[in-house]
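Alright, structures below, take your time with them.
Paired with chain B in one complex and with chain C in the other, chain A is shared by the two complexes that follow.
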Partner chain A sequence: MHPIFASIAIAGPETILTLGSLAALMLGTFTPKHRALVVTSLFAVAILGVAGFSLTDAPAGRSIAFDGLYVADDFSAYLKVIIMAAAAASVLLALPWLQERGAGRFEYPVLMLLAALGMAMMVSANDLLTLYVGLELAALPSYVLAAFSRADDRSAEAGLKYFVLGALASGMLLYGVTLVYGFAGSTQLDVIAQLVSAQAERSIGMLFGIVFILAGLAFKVSAVPFHMWTPDVYEGAPTPVAAFFSAAPKAAALGLMARVLVVAFPGKVAADWQQIIMFIAIASMVLGAVAAVAQTNVKRLLAYSSIANIGFALVGLSPGSPAGISALLFYVTVYVAMTLGSFLVVLQLRRPDGGTVETMADLAGLSKTQPKLALALAIFMFSLAGIPPLLGFWPKFAVFQAAIASGLLGLAIIGFIASVVAAFYYLRLIKIMYFDEPAVALASEGSPVNGALIAACALFCSPLGMLAMSPLAVATARAAAALFPA
Partner chain B sequence: MSAIASEYLPVLLFFAVGIAFALIFVSAPIAVSALTGTAKPEAVKLSEYESGFPAFSDARAKFDVQFYLVAILFIVFDLEAAFLFPWAVSLHWGGESAWWAMMEFLGELAIGLVYAWKVGALEWE
Partner chain C sequence: MAAFAFYLFAGLLLTSGLMVITAKNPVHSVLWLILAFFNAAGLFILLGAEFLAMLLVIVYVGAVAVLFLFVVMMLDIDFKALQRGALQNLPLGLAVSGVILAEVLLVASGWTAGQGVIVHEALAGPPPGMTNTQWIGSQLYTRYFFVFSMSGLILLAAMIGAIVLTHRRRVGIKKQSIAAQNARTPGGTVAVGKAAIGQGVEL
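== the complex of A and B ==
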């Protein structure tokens, strides 16, 4: 057998997604128009399921494919499961919204499959160039998705803004890659690590390379100071697309960041990037907490909440230790459920005129008009705020514990303070829902699939989710260990 | 460079890059709109240069979006040709991997063409 076929077998999930996305495109093209969207969406969910399931069949340990460009290990497998699940949920949750706007737009699930393929490639990248290709493959469908409601000016604006700023960030990332290649002599992560540890003193050129790579990646995870696109894009993009943006791409980009920093820049250089990550983490936590206080739009609020949460997740990356990476993965897992749940509730609610909920004032008295959805949203808000019995408390606890164990007490204290400030706006939303008089009678859009997704996310974030904690702890510890060669 | 400055160099560099790009993100759109916007129109400014002739019609005429579609499709197949030429002359060194990589690319392109054809991107009306 030719070696390329062995590589294709190792990259099984990506192969399935590639062929599946092409098949989905043809399926949508040749299915009668009134059924195309539903058929393609269900097919896409099935493909994501098969790709996720194929991970259980992968050989244990670390497999390298495509001459060292691609790596499949426990770390990539763990993140891919999250990415596939989040992408499948994003396809399903968009279905009622898309059907309201005409049944023919079957491109949506196809774009979602392509974005999932790019994200799977990102977390399996063992080379700076694979990283870049994966990142672009995930980003290009995202730009199209942001502008998916073509007739809506705000959606078009969100798409254009995302595209222009995303292209600039990709340029910065590539510039960093060229500098690292120039000063280290390789683009392969483990080879860079060897070459860097062999260097006697710190090279300024290499440092610039790391700074630019981090700036590009910070843009992708929407971390301060490269967060400015996030509220505008979330507000302008269609709500199901904003839900997608806040979940899977964040998990993929955080995983990518962790792999590049931990694998390629260990030892002496680690102290350099740790400062930067700590700065990004503190800035994101504080800005996400403070700026969200003044928001009245629900989607902008969730955008700032996602910025703050990225900051908390990066606290787990700051120590660069196995415990920290494990906490980061745990944080990402719970965050994806919390944010998807919150967006699902927003998506499920309809104003009497048929429009979607935009401002927080719309949610007033939700506990009286829609008690079940209000309860679910309250669970997500309490969980995002990190109130103890809910699951959202534990990942925050884990990242701070990992930071303190590595002596980063100051970082943890700033994190505590930011999370108290952030609790204000989460609790204010709950107060609006439970203690204010209803302003408009909101209807539930009533899709049973979305209702089931909300219930699943709410159960996971509720205290019952703690049952999942010990298997998650085992899985995240194994995944994190894959980044640290024994 | 003093020891303490050297110790915090990475984060200082990050500050500098962050501030520079934040300024670009914020100021570039303002600058572009200030430069491209018609701030103070007046007859002389708006007239053609001395040896020109008066415009027949407004330059911002609407034209069919189909032209863009054709242009995009042209670029796709133009780039394909641009890939194929270096691939063809270096296939000798690339071997079987290169052969299958290009076949995969051509297959994907063909599926893209089928999609564009079927949704009617190639029809003028």
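== the complex of A and C ==
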């Protein structure tokens, strides 16, 4: 077989997504207008499912494709499953919202597929070029999606802000890539690793490159100090789009960050990037916890919550150890379910005037008007706060344990304090829902699909989710081991 | 001679880059940008990358910058007001860039050039019997096939995005319908009548 066909077979999920997104575009164009959106969305979900399913058929171990540009291993497979699932959920949860607007814009699922393709590329990047192209392919549809309800000024502003700041971050990342290439002479991650470990002294130029790459990636995961865009974009973007932003892209960017740092910069350089990651983690946890206290808008609150959660996930990356990476993957998995669930509840609620819920005061007395949704949201909030019987506690425990095992006790203590502060606003939301008098009678939008998704997320986050912990532990440990060649 | 040409191009490139952001008139900014592109193309020629130089001139000067020029001319933005806002933040900006400059100088002073550079199978040039352009093509379509084709998808995403964000179905506008035009017959549209003297025609 010609190597190109072998490579295309190894990059199976990407191939399926590429062909699928093109087919979805054609399908949407040639289907009658009133059905185009539903047909294309279901097709997109099917494509994401097939792409995710194709991973189960992948050969075990590490396969390199396209002359070293692409790698398929357990790490990429694990993250791709999460990305496909989160993207499919994001396509489904947007359906009622899109239909309600009467826009019938079938481009939404197509853009989602293209973004998923970019994210799949990101976690399989074995070369800085693949990394950059994947990142751009994931980012460009995101900018468009943020501005999707164009008639709304806030949405247009969110799209523009995201685009300008995203372009700046891409520029920084690219500058870092050129520096690393200039000093190492290669863009391939494992080759860089060989050169770095063969070197007697660490190179300052290379360090500059790492700093710039990290700055670009920190923007993508919305970690402090590159988080400023997050609350504005989450607030301005349509709620289903904000839900999408908070889930799949975060998983992809964290996976990419872990792979680049652990695979390409081992040994002496590791201490340098670990310092940076620790700083970013502490700053994100503290700022995410403190700034959220003053928020009154639900979407802004969830944005700050996602900043804080990225900080906690990065605690897992700080030690750069297999246990840490495995904890990071576990954290990402649970976080995706919690955040998607919270956004789904917000999306499902309707004010009497037909608008979506914006302020926290709107949620007052939700337990009386919508007891089921209030219960689900309470589960997500308790879980995000990390209250023990719920699943959200365990990943926090795992990342702190990994940090302490590597001697980063201070980091774990700061993280613990930040999580106590963060618990305040999660619990305040629960207090507003359960103990305040209802201000407005909120109605449920009543979409059965979204209801089922909420139920699934809530079950996963509830104490029942602990049943999933041991298979998850096996899977994350195997995925993390893929980054550390014996 | 080559050194002189390098410093000439590099100096002009930096100057015109500076002028792009300081020029008062946005149209002048774009024109300075075009000059910057030309000088960058000159630097590419010095490196022996004649194809990239031509590409820069054709794509960036020929297409991108000219498009820029049109957009800038059509936009109705009060650039004076924008610049006034920028001036307010000037002290802070200068302070930050001063700190960064000091840091870079500190690092650079304690660092000898070339230290820490790891040369890894440096690409010497095209194999014998192949021109630069041929070589770029053969690399792009074989070794870098994956990222090259994925870049195509980025452009597709951008195209879909542009259509999503700008296309709208407007009502109440006049459109040409060729089918309706072709289906017209003289009987339905032409009427022969006699106008009486001193009076208009009733339609």
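To be clear about the criterion, the second predicted complex is superposed on the first by the 485 of 486 C-alpha atoms of A that agree within 3 Å, B and C clash if a C-alpha of one lies under 4 Å from a C-alpha of the other, contacts with A are read in each partner's own complex, and residues count from 1 in each chain.
Going forward, contacts are C-beta pairs under 8 Å (C-beta built on N, C-alpha and C of every residue); 3 or more make two chains touch, one makes a residue touch a chain.
The structure displayed is predicted, hence computed values, not measured ones.
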item	value
Partner chain(s) touched by A:25 [first = chain B, second = chain C, both, neither]	both
Which superposed partner A:4 touches (first chain B, second chain C, both, neither)	both
Partner chain in contact with A:199 - chain B first, chain C second, else both or neither	second
Partner chain in contact with A:225 - chain B first, chain C second, else both or neither	first
First (chain B), second (chain C), both or neither touched by A:183	second
Between chain B and chain C, more extensive residue contact with chain A	C
Touched partner set for A:417, first chain B, second chain C, both or neither	neither
Touched partner set for A:46, first chain B, second chain C, both or neither	neither
Contacts of A:133 with chain B and chain C, given as first, second, both or neither	second
Overlapping contact positions on chain A, where the chain C interface meets the chain B interface	4, 25, 202, 204
Complex interface listing, chain B residues touching chain A	6, 8-11, 13-15, 17-19, 21-22, 24-26, 96-97, 100-101, 107-108, 111-112, 114-115, 118-119
Chain C contact footprint on chain A (complex, rising order)	4, 7, 11, 18, 21, 25, 65-67, 69-70, 105, 107, 110-111, 114-115, 117, 121, 127, 129-130, 133-134, 136-137, 140-141, 143-144, 147-148, 150, 159, 182-186, 191, 195-196, 198-199, 201-206
Residues on chain A engaged by chain B in the complex (per definition of touch)	2-4, 22, 25-26, 29-30, 165, 168, 172, 202, 204, 207-208, 210-212, 214-215, 225-226, 228, 272-273, 275-276, 278-280
Touching residues (chain side chain C, partner chain A) in the complex	107, 111, 115-122, 142-147, 150-151, 153-154, 156-158, 160-161, 163-165
